[in-house]
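Chain nomenclature is as follows: A, B, C and D, assigned in order of appearance, with residue numbering initiated at 1 for each chain independently.
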Amino acid sequence: MSVDGMRTFGELQERLQHFVDEREWSRFHSPKNLTMALTGEVGELVEHFQWLDGKASEALEPETREAVRRELADVQIYLMLLAGRLDMDLLEAVDDKIDENEGKYPADKARGRSDKYTNL
Amino acid sequence: MSVDGMRTFGELQERLQHFVDEREWSRFHSPKNLTMALTGEVGELVEHFQWLDGKASEALEPETREAVRRELADVQIYLMLLAGRLDMDLLEAVDDKIDENEGKYPADKARGRSDKYTNL
Amino acid sequence: MSVDGMRTFGELQERLQHFVDEREWSRFHSPKNLTMALTGEVGELVEHFQWLDGKASEALEPETREAVRRELADVQIYLMLLAGRLDMDLLEAVDDKIDENEGKYPADKARGRSDKYTNL
Amino acid sequence: MSVDGMRTFGELQERLQHFVDEREWSRFHSPKNLTMALTGEVGELVEHFQWLDGKASEALEPETREAVRRELADVQIYLMLLAGRLDMDLLEAVDDKIDENEGKYPADKARGRSDKYTNL
């Protein structure tokens, strides 16, 4: 654990792996299946936002907020399991992707625009 | 940075926030919009797996593997941005969700079964 | 064909089936895989709307509009193929679902509200 | 209605529009929001297939089969509403897309292959 008692990303991945192993669920966890499970959780997350406008989505009711927090956790969990199953380092992949995006979206060209880099 | 030179989860979230701020993209990043962006990235991830069977999804071609790694990063990035925008601690949410799942899926009842907890 | 020369829903399903058979693609088209393909197409559709607000999504640029139209077609195509593979009549399923929704969402209670029927 | 008493695609779209109008729901139905609702329904559909292998997905348990049929209807309903809101003819779009795919995937080159047309 880190100094403040919170688990790190790596510790959570280990905790998850232990949880899955204890239940012998790895037989269900092909990357294909985990990708589908990830999709399902994202679908549940989206349902909380579909009828809200952008502004309302910033200020969720407490009950919705708690439900959203639990859906975010589910999405993160399947993402960790998927990366683990594929033996990929998620944080390293993110770091590399930000490097790449810094090249594709130079700050001075991309400022205030939502265009794809191919249109900058 | 951690001892081995890799960025931690929190450091990556800060790096992302800096990246977004520099480009003045936060105006586009309502939770609603970020949820949609997350969905789009998951859709791109799924496309790599849709015609593979479970076994083939374990042993990706190098080119597909690299593409999948980059999609995983994109999903993780939008998830971090969404949690950040909602001012939620993703890792804490995951930790809490595993606690909850330990209660819902006791190892001795859930072993080797993919049923929902309501059917255990 | 119908009187005005347009193909009916059933004729399009037949046309699609013929297209698939000619290419011997049915081996890839398990319901599981078709569901994933459907997800992927929905993800592509979502990407066109993610940074627009509700109002802008009503008045798409001509180029976006054409792209959206083609994504809608892809979603419809996989939905038809999936229903066909499962030997289900999509139109009948829709008709039944509207019947059901009329019971769950009485017009006088549901008017102007986006709540789930369980909250009406 | 058609000869056999079943509603046609166009009649179902009209029935749906009437259902929505009676409840004054069109205020929620921007294309952006309908796209999200579509995503949510696809997520629910996917959940029925995520732990099944391809073969099992062909032979659903009766209860799952009925649930899947209702999810297919929900996906079709939001797709119809979205096309209606955008004033697009879904069936015509499908017909045009099949024309296009016939060009991109010549039967003799695409036979038995799941590759994207750019790789044929």
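Keep in mind that, in the parts below, a residue touches a chain if its C-beta (ideal position, glycine included) is under 8 Å from a C-beta of that chain, and two chains touch if they have at least 3 such contacts.
Chain labels with UniProt names: A, B, C, D = Nucleotide pyrophosphohydrolase.
Predicted, not measured: the structure shown is a model, and the values here were computed from it.
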Interface residue overlap between copies chain B and chain D, same or different (over half shared): same
Repeated interface matching A-B, over half of the contact pairs identical, chosen among C-D, B-C or A-D: C-D
Computed distance of Cα centres, chain C from chain A, in Å: 27
Chain C and chain D: spacing of chain centres that average the CA atoms, whole Å: 2
Per-residue multi-chain contacts in chain A, two or more chains: 28, 32-33, 35-36, 39, 42, 46, 49, 51, 53-54, 114
Category of the chain touch graph - line, ring, star, complete, other: complete
Residues of chain B defined as touching chain A within the complex: 6-9, 12, 15-16, 19, 22-25, 27-28, 30-33, 35-36, 38-39, 42, 45-46, 49, 52-55, 57-58, 60, 65, 68-70, 72-77, 79-80, 82-83, 85-86, 88, 90-98, 100-102, 105, 107, 110-112, 114
Touching residues on chain C, where the partner in the complex is chain B: 28, 33, 36-37, 39-44, 46-47, 49-51
Chain D contact footprint on chain B (complex, rising order): 32, 35-36, 39, 51, 53-54, 114
